[in-house]
Each structure stands twice: as structure tokens, then as C-alpha cells.
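Since the structure comes first, as C-alpha cells, the remarks are kept for the end.
Each chain carries a letter (A, B, C and D) given by its place in the written order, and its residues are counted from 1.
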Amino acid sequence: MIAISHAHAAEPPRKVDRSSHPEDTVIDLGGGVKIGGGHFQVIAGPCSVEGENLLDIAARCKTAGATLLRGGAYKPRTSPYDRQGLGERGLDLLVEARAQTGMPIVSEVMDTRDVELFVDRGIDVMQIGTRNAQNFALLKEVGRTKTPILLKRGMAGTLEELLMAAEYIMSEGNDKVILCERGIRTFETATRNTFDLSAIPALHDFTHLPVAADPSHATGCARYVGPMALAACAAGADALEIEVHDDPASAWSDGPQALTCDEFDAMMDQIRSIRSAIFGPRDEDARP
Amino acid sequence: MIAISHAHAAEPPRKVDRSSHPEDTVIDLGGGVKIGGGHFQVIAGPCSVEGENLLDIAARCKTAGATLLRGGAYKPRTSPYDRQGLGERGLDLLVEARAQTGMPIVSEVMDTRDVELFVDRGIDVMQIGTRNAQNFALLKEVGRTKTPILLKRGMAGTLEELLMAAEYIMSEGNDKVILCERGIRTFETATRNTFDLSAIPALHDFTHLPVAADPSHATGCARYVGPMALAACAAGADALEIEVHDDPASAWSDGPQALTCDEFDAMMDQIRSIRSAIFGPRDEDARP
Amino acid sequence: MIAISHAHAAEPPRKVDRSSHPEDTVIDLGGGVKIGGGHFQVIAGPCSVEGENLLDIAARCKTAGATLLRGGAYKPRTSPYDRQGLGERGLDLLVEARAQTGMPIVSEVMDTRDVELFVDRGIDVMQIGTRNAQNFALLKEVGRTKTPILLKRGMAGTLEELLMAAEYIMSEGNDKVILCERGIRTFETATRNTFDLSAIPALHDFTHLPVAADPSHATGCARYVGPMALAACAAGADALEIEVHDDPASAWSDGPQALTCDEFDAMMDQIRSIRSAIFGPRDEDARP
Amino acid sequence: MIAISHAHAAEPPRKVDRSSHPEDTVIDLGGGVKIGGGHFQVIAGPCSVEGENLLDIAARCKTAGATLLRGGAYKPRTSPYDRQGLGERGLDLLVEARAQTGMPIVSEVMDTRDVELFVDRGIDVMQIGTRNAQNFALLKEVGRTKTPILLKRGMAGTLEELLMAAEYIMSEGNDKVILCERGIRTFETATRNTFDLSAIPALHDFTHLPVAADPSHATGCARYVGPMALAACAAGADALEIEVHDDPASAWSDGPQALTCDEFDAMMDQIRSIRSAIFGPRDEDARP
């Protein structure tokens, strides 16, 4: 009895819309690592940058087949009394890990006043977290840079709102936006969030931008990360973001959802198998 | 700040609990078609049984690799003025299709008073729909039969409630219960429901019962059924339930989510590839 | 960017629609107790009928100003091992309480096969619970009686679906339907459900049927029942359904949300004050 | 089967917790206008400050009984192409309206870099919007000021997260925090959001901070604002925030949910009646 229609049918297409750019957008994330249009990447690393152990984790992730390194230097913590991030020192460690491994680095920016710092340090990909998915001041600020943006979906964000958030960034001149499904908030508490994998084919319908998936935050449980990473690949994700830690039990944040380096290594074997089964052997990907 | 604990930790395990039956339950659905413990099946067919075209659809589904036939004879329609099902005539057509193809048949029962009829006709699997997921009178009634039950998750049903619904059936003596994730209701309207694929590894953790997935109802959109069927396989589903119609545009119900027979055929090729990639070649499955 | 339109705009109005019956429907619930069109009633009593204490609770509720008595004889319990209802013996006790107090009685029916029994015993109002809000077989069955129906909203039921469920009953010939908001399922766990009080003015917009509210199930917490009962009155509810028990700590079910008889008495004073403040003094109501 | 316990039971109470400050907090919002501990206030005005018409709206709101003036100078709009706010010119107009009416002014701040400007202009209450409910950088920044903060609940924010967001502000030294329920996102689309009024008594349980309610954003529909404003009062709200416009049809934003000045005037009469009925006549409130 209810019909939903897109009222913008008569409007000019937005920059995000597939109709304004029929081919998949391919983004160079640094060092020749491309995403979109068949290029698939795996972003791995710890939730928080904690210290020198980042370098070991980065080396292990690279050996397993990861192609980008993630790590949080500025952390959105639910409680002000939870351990906050290392800040600039965290960025320095990421830069050092990049120098050692060659992997481009991904880190979250939370404040308009920090964007310049991230650009100055040459962070390859700036992540906008789920809690800032509609922080329009921040979206505009990163839109004025040339740095690729990994844009997380809001906890209660519709796909339409996710596209509009990307449009905020693009409307300021930055076309390098990767959308990321990371689980939405629902009534179900058996997992940390509800991983909305149907968003992947739906977003591929609506937009030309690459679509990543984060099974670590979606499930909140290391045991489920492997199966859901495979599922995200099968659904057509252009990238995975996976939390990996050398000692999950001692992680500063989100330890229960982090894979050990060995678990990540085993998962990467399955990822390669499943992608080969669905898409055939591929030369263009850096590793997986 | 909130800790969730299972208060039944000290209680005796329920029949559904993995702890009460560590091995996967394997259920014979008829004609040697088994599910669970590595046995994977594909249930395909139209939303509603509409007439003789069921026989053609059934033949096409079987050729493509389906191993069970579904079709609704009693239909839960949101409006009383929507076309209702064929009733007993629908069951007759299903029985005829089984005779022609050899596939066991699956159909939904909605009323305690109809259970005896389903048993008398030899329906191989009785489906409990999402709207009856906590219709305890019906759960108990099918629990008193020996027929395998395909139990859909409620639209707002937690995994805990799904397990409790299965326990209602099992507590009456019927251990042959297959759980089915079919999408939950959330704020997102881009898809008909939100397909909670993380439920698959989570349910495998909690229970020994087989777990099926229904991407047709979860997405409500034929274009997304293929990717999400692959994703469900990758996540570890023991069965898929897929709506297939010879002419979706003219289907009595849910046409937008039905695959054509050709689309189903193509999807089955990919399903076989992905299962082989993840689980290796398997002899024990009837077909896929 | 999304416009929602009622596709039935061009269709003939449904029986539930305000446009097919511009005046409020007034329903006689028995003994001259009317609901709707300015007639306001309070349904009170225990969650489960447990025994002879029902008679004491009923007397206390009546003294406090309740005008109908509720009590569950057939109980939908999440677990099959939770205490189930008294069945026919429970109905007998309700009938006895009616004889002693003169209050019409309200009780939940869960199985199509029990409807005839409820009619034979002369239950004044049959309640359809939230778990059966889309049990279409049951809706049709009660639609074939002449007994007023108190129809609870489904846990994940939209207002549109609630109206359609009422239409199922009315399409079979029974126009005596009272809609009841009882909380919906959301991500919030601080209360048992989320009490959607905006449903009250919205339903008054859409339909001519009376609208009740159940703060006991909505909040799950006795401390919040009083404020939310007042809020429901202020929002325009035509009735309240309140769980009252002589000893909540020992109640068979839902004790934490039951008011003591004294608490109920104090709440009724406030209900009278607030209704008088908003609507002025009224003669037509039986008591409050 | 699931028990939820507050794991911080053994932790020292937070600044927000009722246990750390048993009496209600009373906050002076400017000019002797107090909130909390029985002091009730009504914040009214247009969604966006649009120009000189603000002065007329402010005068009408004051006459009707409003005690604070709201107006957005910096506007969070879902689309970057929607009309954005007037910025500093908007703040100037608010200051002028305050000079004319004597009402303290409330306006939303969206960027850490704007906080100093708001303080310099003497904005009496800084509002944190639902989209920034977990923008921790912004929460800390306003926590370093002495200005009262009106903190909206996140669209998918639990009460626990709302309390934690308040704690972020308080942990930086600013104890003047008003919590505001403004509707949460659920599956229901008949209203813009789902107004969770049970949050009001629940928050009064958990915390000593004042609790406001915003029926305009919660319902998104002017016709429902009046009944829901009454309901919020009945549930125990310490303040209401109501959108009022001299010509809703021409409003820059959210016109469908704005009351006309006449409608607001009529609503205020009912608010006074209902508060008097529940709480008795009160001297300490500025007007209502």
C-alpha cells in the first residue's frame, strides 16, 4: 500500500550517482594500490596504534597479503575515561610502518582542526568513522583535500544518507571516496551490529564509487570475522577492512573482534580462493 | 558499561543448544536428500503455487540443480484483499510436481487446523513463516508431527527467540528443525528487509540445527538475490531458499524478487564454484 | 530524496480508513461500557490468571476506578518451559470475577481452535497479542464472531500493518476492533520495548477505530508505568491497559511491570486529573 | 534467558549518575530562567533563522508563554545542496531578538572551530544536534566552556550513550548539561522518528540532569506536535523545544513540523492546564 519513489528522478543526477558516471570509479590509494573497477584490496591492522608493536603487526599483515595498513591514532571512545589514542605519535608510527612495508596507511580523523595535520603527514587515506558520518563540517573539510576518504556508514544511516555524505565530500572537490558498510544498529544483540551485506550490491547499483566492508566492527566477534569477510567478498565488496592484533587479549580497544596474525593469514588464503572462484584469476590486484 | 550474560548458564542445556548435541544434526528431508553436517541443499520454486506452470518451473529448477521444491498453497498476505493461495489444490499440484521430478516439497502451514492435512498429503517439509515465528500454538502442533520443519526467523526476532521457537517444536518431540534467516526489519528501506548473514555463523555456534538462508525475501529484489545467495554460502549456510518463476512479472505475489529460470540456472553455477572453493569438492550433496 | 505516497489513494477506502467512516467508532464492550468517541476506559488486572487471588485483584481494581478486567488464561511464553496459563479454568475465574464486580472481561486467544470456546464462555473482549498480530488465520476466525477485539500492534508492526490486521477482522464482518499500541522493538534496551505514543494521534488521523495503550508491556518496569499512562492519556488514548497484581514479586509472569493495587489506585487519581484538565469534566465515562 | 547488568556497578559513579548527585540539578540558563528540579521551560522558535521575521516570531512566542528562543544559524542539512544556515548573521539576529524580548537564546553549534564564536556572542545555550551526539571532539570543546549545553540524543543512541556523551562534556568541567529526547530511528515511517517518551522517566532515574523533549523533530508533523508535547509534559519533561514559524509553508527547513504562532499559543494553554493538573500551581517557573 506504500509506494516509495525517488523524488530526485527529475533532478539532475548527483556526483555520487551511477547515472552521472556509468563506469566504476577507480581510485589510486598510493604506491599504485588501486581500488574499484575490479581492483580489490585488504586493509588490515590494529584498532588503535599502541606503540612499536605496530611495526610487527604491519609486517605480518603484509606477508599474509594485506595491501593497506590501518591503525587509529585518534580514537572515538564511548566513555571519556576509556583509553584515548596516541595522537600525533600514532601518526608517526604509521608513517614509519609505511616506510618499512610499502603499504599505504589509513587512519581516522575526528576533528576539522586535525585535517591539515593528516595532510601534512601524508596519511594516504583518511577514514571518517561511523559517529561522524553526518558531521557535515568534517565532511566538507576533508572534501577540500586531495586525499582519498574511507567513509563509514552511520550506525543508523540509510544508504541514501551515506550517498549524501559522500556527496558532501565530492561537492567540495574531492572525488576519491570509498564507501564502507560496517554494520548498522538493530534490535539484535547477538552480534555487535547487524552487517548489512545487501548494501554492497545495492550501492553498486546506485553509485560508481568503490564499496568496502568491515566485518570486524560489524560482528564484534573474531570467530565470525572470517565467514563474514568471505561473505562480503561473495557479495561483491571492493575492499575489506580487518582488525588484526599480535595479542588481541591485551589490545587497548576492541580486542574481542581482532584476529591474530595467524588467523588473518588463514583467512587471506580463503579470500583468494573465493575471489578466484567467483571472478576468475586476476592480475590487476596488488596481492589478493 | 553493560554486560550481557546468559542467565541459563546454570540451567540444563536446551534441546536446541550445541552443548546438548555437539555434532551437527543431519536431517533426512525425503528421498535421501539430507541437510546439515556438510550436506547442502537448494530449495527453489515460486512464491505462490498458481497452477500447472508449477510443473514447468519445477522441472527447470531441478535441471538447474535445485534439490527441493517450494511453493505456497496457503499464503500470508498483508491485505485481506490481496490474492490468497490455492489451498488444497495447491498442495495437490506440489504433490504432482514431486511425482514428476522426485524433489521433496516444502510448503507453508499457517493454521493449527491445517497441520493434519499437510501430514496426510505427505508434504515433506512444513514451513513456519516469519509472521508465525512466535505462534506458539502452531509451533506446538507441528512439534507433534514427524515432518521436518523449516522455521523462519521472525521479522523482529532475536536469535535467542528463534532458538526458543525451535525449542517449542523440539519439546513436543520433533527434532527435525531447520532454522532460516530471511531478513529482519530495520530502518533501512533500500532493501525489503535487512539480511542478517552474521546470524549464520552465530547460529552454528549456538546450536547443532541446520541453518538455511532466504535471499529472496531478505532483499526483495531479484538483482540482489544472486550476490546475496553467494554471500550466504560463503557465510556457511546449509541451504538456500530461492524464489523462481517462469514469468516474474505476472507472479501472484513477490514477483520483483523472483529469479527467472535462466537467472536461477546461472546462479547455481556460481553457487557450485563458491562452495567448491571454500569447502572443496563434495560427494555427499545431492547436486550442488 | 525519498517520497512516500499511499498507493491506495486511488483505491476505494478500506473499512478501517477514517475516510470511509468520518466519525469515531464507539463500541459497546458489555454492560454499557463504551469506548471511542470520547468514552475512555481503563482495563486492569493481572498478566496471568493464577487462581482465587484474581477475585481480590478485580475488586481492588474496580474500587480504584478500572472499568474492565484483564487476565491471561492462555499465555504466550517465550520459552516452552515457562509457566503456561490455566486455560479453561482461567476463563472460569474471569467469569466469576465478572459476576462479582460487574466489569466486562478481556482475555487473549491464541489458537483458531479456541475461538469458539471464548465465545461460548461469553468473554466480552478477545485480545490478539503482539506475537499473533499477523496470524491471519486467527484474525479471520475472530472476524467471524461478534465479540469486540483488542488488537495489539506487532513488535515490528508498522501502523499500516496494524490497520491491515484490523481490516482482516473487519473484512469478515466484525467491526468491533480496538487498536492497541504496546511498544515496538528497537535497539534501546533500557525499557522492555519502545512505547510509540505518536502512534495515538497518527492512528486517530488514519482510522475511526478506538486506540488503546498498554504502558505495562511497553516499558516493562512498574516505576515507569504511571508516567507513561499519563502520557498516553495526554496523547489522546481511548483506553489504557494496565497490569495490576496483589503481589507482583510472586506473579507467574511479568511481575516487574505490574503495579500493586495501591500504586494503581494512586495512578487512577492522576489519570482523572489529567483527563479533566485536557478534556474537561465528562459524564459519559463509566468511572474515570 | 538474557540478564543485563550494569558492569559499572562496582565502578565509581560517573558525574552524570544520580548516585553521584541525588538532587535534581538546576541550571540557570540566563536572565534567571532556570531548568530542572521542578523548573519547567519552553524553548520555541523557527528551525532556521531566516531574517528579520525572527523578531516577529520571537515576540509572538514570548507572548504565548515561551521562555527561551531557539533558531538555527548553522544548519545540518542532509544534502549539501539544501539551503544552509545564515551563519554569523543568524547569530546576530538571535542576539537582537534577545535584546527585544529578554528571552535567552539557544542555537546549534556544529564545528569545534565555531565554539569560541558562540561564546563571544554570548549565546545562552549551545545545542549539540543528533548528528553530532557522538562527535567527541565537539563534546570536549563545549565542555571547556561555561555555557549551558542542550544535548540531543543520537538517532540511534541508547540512553547509556546519551549519558556518556554528557559525561564527555562534564569531564571537561562543564556541568550545565540538559539532555533532550528528540525521537529515535526505527522501522516505522508514519512519523519522522519514533518519540521515545519512556526515556524521560528512565533518564530521571539514571541521572540528576534536566531532561527536555522535542516533539517537532520526533514526529515531523505539526498536527502531532500538540498531543505529543502534552504527553512529554505528562511523562515528566523539564522542558519542551517546539518549532514555531510565522509561515510554515515558506520555511527554509522542516516547515511540515512547525506550528504557526496561533497554534503555539493554543498549545501553551493546554500545557499550562496539564502541568497544573499533575504538579499543582507553581510559582517558580518563569511563565508556564
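Quick notes on this one:
Keep in mind that, in the parts below, a residue touches a chain if its C-beta (ideal position, glycine included) is under 8 Å from a C-beta of that chain, and two chains touch if they have at least 3 such contacts.
Just so it is clear, the model here is predicted, and its values are computed rather than measured.
Between the chain pairs A-C and A-D, more C-beta pairs are in contact across A-D.
In this assembly, D is the chain whose CA centroid lies farthest from the centroid of subunit B. Chain centres here are Cα averages; for subunit A and subunit D they lie 34 Å apart. Averaged C-alpha coordinates put the centre of subunit C at 33 Å from the centre of subunit D. The geometric centre of subunit A is 47 Å away from that of subunit C, both derived from CA atoms.
In subunit D, the residues touching two or more other chains are 1-2, 4, 79, 156, 160, 164, 184-187, 189. Partner subunit D is touched in their complex by these residues of subunit A: 2, 76-81, 110-113, 131-132, 134-137, 140, 154-156, 161, 164, 167-168, 171, 184-185, 189. Looking at the complex, you find that subunit B touches subunit D at residues 1-8, 160, 164, 185-187, 189. Against subunit C, in their complex, subunit D makes its touches with residues 1, 4, 79, 156, 158-160, 184, 186-191, 194-202, 205, 218-219, 221, 223-224, 227-228, 230-236, 270, 273-274, 276-278.
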